[in-house]
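Listed next: structures, encoded as structure tokens.
In the two complexes that follow, chain A is the common piece, with chain B as its partner first and chain C second.
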Partner chain A sequence: MVIGTLRDDLPFAVVATVGNFIAFNFALRNVIDTGNITYPQYILPVVLVQVTFLGVLTAVDRAARDRQSDFGIQLRTLPISAAVPLMARMLYCIIRGVVVLLTTFATGYVFGFRMIGGPLCALAFCAITLLLTLAVSLGADAAGSRLGDSPIGKGGTASQVLLVPQMLLVILSTGMAPVESFPDWLHTFVEYQPVSQVTETLRGLASGHVMVGNLATTLAWCFGMLGLFGVAALRMQRRTT
Partner chain B sequence: MPVIELEGVSKEFDGAVHALQGVSFSVPTGSVCGLLGPNGAGKTTVVKILSTLLRPTSGTATVAGYDIIRNPAQVRASIAMTGQFSALDWQLTGRENLVLFGRLRGMRRKDAQLRADALIGQFDMAHAADRRAQTYSGGMQRRINIAAALVVPPQVLFLDEPTTGLDPRSRRDVWDLVSSLSAQGVTVLLTTQYLEEADLLSDSVVVINEGRVIASGTAEELKRRVGFSYCAVSPVNPADLPQIFSAVSDLDDAQADYEANFVSVLASDGVATFAEVFRRVDRLGIELADISLRKPSLDEAFLHLTGSVNN
Partner chain C sequence: MTENAVSHNSLATESLLFAGRLLKHWWREPVVLVQAVLFPTFLLITYNLLVGKSLMRITGADSLYGLVPTCAVAGALFGSLAAGLSIPFERDSGLLSQFWVLPVHRSSALTGRLLAEAGRTLVATALITAVGVGLGLRFDGNLLAIIPFLLVPVLVVAVFSMAVMAVTMRAKSGTALIWLGVPVIGAVFASSGAPPIALLPAWIRPLVQYQPMSPVIESMRALAEGTSATWPLLLSVVWAIVLAAVFGPLAVRGYRAAAESGS
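Entry: the complex of A and B
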């Protein structure tokens, strides 16, 4: 199951990463004033988040598929914990996440991104990225399992349900532009929403200094989502209609 | 203490489709129960409810002593289920699938591999066991599915239409398997469309149609009800039919078919009934086109029970 998905989905993971980076870089390079760091350095975190989100969307379909496929149905009659199929899907999400991470570093390096912070920061960078990947994947999985029994799930279009929310989160964040470029009434949302916080932390780690408050908020978001979505995903996996 | 027990189980989908309505029956330990019914009768829904895939809208059911709603995990530990379709990982070989299911059921890798070897031998699948499941024929897939269900011998085995779509030889193999399982003390609930199969394999039969149980009992009892020969009388003049009917109306299951122009009576005493019918009709002096003793076809017997029109 994992091998088949890897073969079909992983090339897309690589291409999407590179494509997104190029698009972000050239399309918005001179449009946004990023202060005193280079543009690739500034946008790499948001590209990473964007591509991660795109990949997470596929998790919705995988969960929906497991819900309906004969093999998935059979698994629900076995004396196994509901966590087992869930963890199998999450393992794939993490593997994919690692591929996206490595591709992003490679592409970023070509464009001039440098991990100035050193090995410890690099490790934290990867850890937080994968933590976010897992948390959001669990949310997508919960949505996929929930929709799996409905006509939306059966039509294979379940992933589109989360497309707009994720896009909004990326666009309305400080990932691409500083908070001042947004209208006043959005400032609070833009500043504190998870994508802004995460990209700020990642940027900080890449450059070697992170603000404690920002790091704390990022970790709070990540662990909070992990807990909430984890519980939801497990409950949806167990759900019997 | 019956190992499977349903009481008033109803299942409604989206408030409109009444898949099951008040289904109640029980299966004694170590026996084979055939759930017989046409397509859409609700057989698969019953199996899905008993294997904890669906929750009934109302009613209770217990499997191996565990309530399916309150203790689903324990139910799952006692059962194995083979659905109508193949529940295999297509990328793995047959052998790897068996090992996978073995390990999922708690066996250690080594034990699971040995068990897979044993099952492959028992099911005569050695030639295909190491090919990917994608490449298997329908019969092979069905065999692997059933083998996978038996990796850890279950207390209760649910087989949903195990022989539908199989060639005659594969059907025979499945029948032999079910018989041997029963001999080993496994309780089997199998669903089928075929009266012949229910008759051959089952210790008890439950006939279901449109979500309701319409008959249950041993295969013998049911055959006695509808499997017996019947005596048919056709007058030359259709207008005489009512007279014939009133002459035999007190006999077992006398029915008059005005369209096809015959009166039928269940020949519960075989030729003796036939003789009695002949005597009575002869006394009326009506000219007869035909009088015969016939065994109903399996389809007719089933139709009689389900009261539905078939092709």
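Entry: the complex of A and C
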């Protein structure tokens, strides 16, 4: 199951990463004023989050497909734990996350991104990214399994439901531009929403200066989502008649 | 007997029938609706929030005049791509072959699809423009300029959907569309004026200025600003005719091959 998806979806993980990085970089490098930090250095974390979200959209479709396809139904009758297909899908999401990380670093280095913080920070950088990947993938899986029985899921396009919300979170975040670039009335949302917090932590880790409060918020978001979505995803796997 | 019935049917009514089928299909399938209307509308709002202030600082002009055309055209293309995803299924399930043997004008399935794409784009562009007006876009010159403004994306989508058909009629699955969609949509965003062309690296500037999407966005911007749009409009039409001359026959031949593949 994992291998089948690897073949179809993984090339897109690579292409989307490189494409997003180049597009953001070209479109906004000279438009957004990031002060004394270069734009490739500034933008890399949000590219990572954006590509993770795009990957998560495909996870919705995979979960929906496993829910309603004949193969999925057969899997649920096998004498294996009901959570096994879920674990397989999550394993793939993690593999995808690693590939995305490697591609992002490779592209980023070409454009001048540098990991200044040292190996420990780099390790934390990767750990937080993968934690986020797993957390949102679990949420996507729960959503996909839920939608799998509905007409939307049968069309194989359940992921479209999440397309607009993920875009709102990514574009209206301090990952794209410092908070001063946004209109005043939007500042509170832009500053405190999860994508802003996570990208700020990642940027801090890359440069070696992390603020403890910000790191705590990020970890709270990640573990909170992991717990909530994990329970939701597991509950969706129960055998039903 | 039946021959009589055939000759009385006009191409126009049959095209309308096929167009109606597609529109009904799209209305029920969220992917086309999301891609053609919802996504570009929100993209316009958020992108404007993101770059509006910075661009005002750099250029002193409102970025909306570039962003509304960009999102309208991009939305038309997104919609067309999403609609094209179902073509391989329609071919493999034998639906296209069934249309092929119906006693209707041979080309009505194709003209119907073009008609449906045009209709969807017109409505979507009107909606996106309305949101743009809500954000502060004004037709500074003649108010009647709104009519050609709404029709430019329709022209683009008519040609683009020929290309989509040319690809999907033969493709195994919808993923081939990505290779068509990414460069075209990239070209649209490159012409948006966000970033201003002067801020791009020198080697890429001619590429941005002379690609087919550039006069399209330029003419819509000129129509909204009330300046002369004749030259970019003319260029857009010339590009459209040239590209249609390439992709039109390819689409027709692709459709014939797909319909005759039967199953």
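Here, the second predicted complex is superposed on the first by the 238 of 241 C-alpha atoms of A that agree within 3 Å, B and C clash if a C-alpha of one lies under 4 Å from a C-alpha of the other, contacts with A are read in each partner's own complex, and residues count from 1 in each chain.
Everything below uses one rule, namely that a contact is a pair of C-beta atoms (placed from the backbone, for glycine too) under 8 Å apart; a residue touches a chain by one contact, two chains touch by 3 or more.
None of these values were measured; they are calculated from a predicted model.
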Partner chain(s) touched by A:182 [first = chain B, second = chain C, both, neither]: second
Partner contacting more residues of chain A (chain B vs chain C): C
First, second, both or neither for A:73, with chain B first and chain C second: first
Touching partner for A:160 - first (chain B), second (chain C), both, neither: second
First, second, both or neither for A:172, with chain B first and chain C second: second
Residue ranges of chain A touching chain B (in the complex, touch as defined): 1, 3-4, 70-71, 73-80, 84, 240-241
For the chain C and chain A complex, residues of the former touching the latter: 29-31, 34-35, 38-39, 42-43, 46-47, 49-55, 57-58, 178, 182, 186, 189, 194-195, 199-200, 204
For the chain A and chain C complex, residues of the former touching the latter: 12, 19, 23, 26-33, 152, 155, 157, 160-161, 163-164, 167-168, 171-172, 176-177, 181-183, 186
Residues on chain B engaged by chain A in the complex (per definition of touch): 51-55, 72-73, 76-77, 79-81, 83, 85-91, 101, 104-106
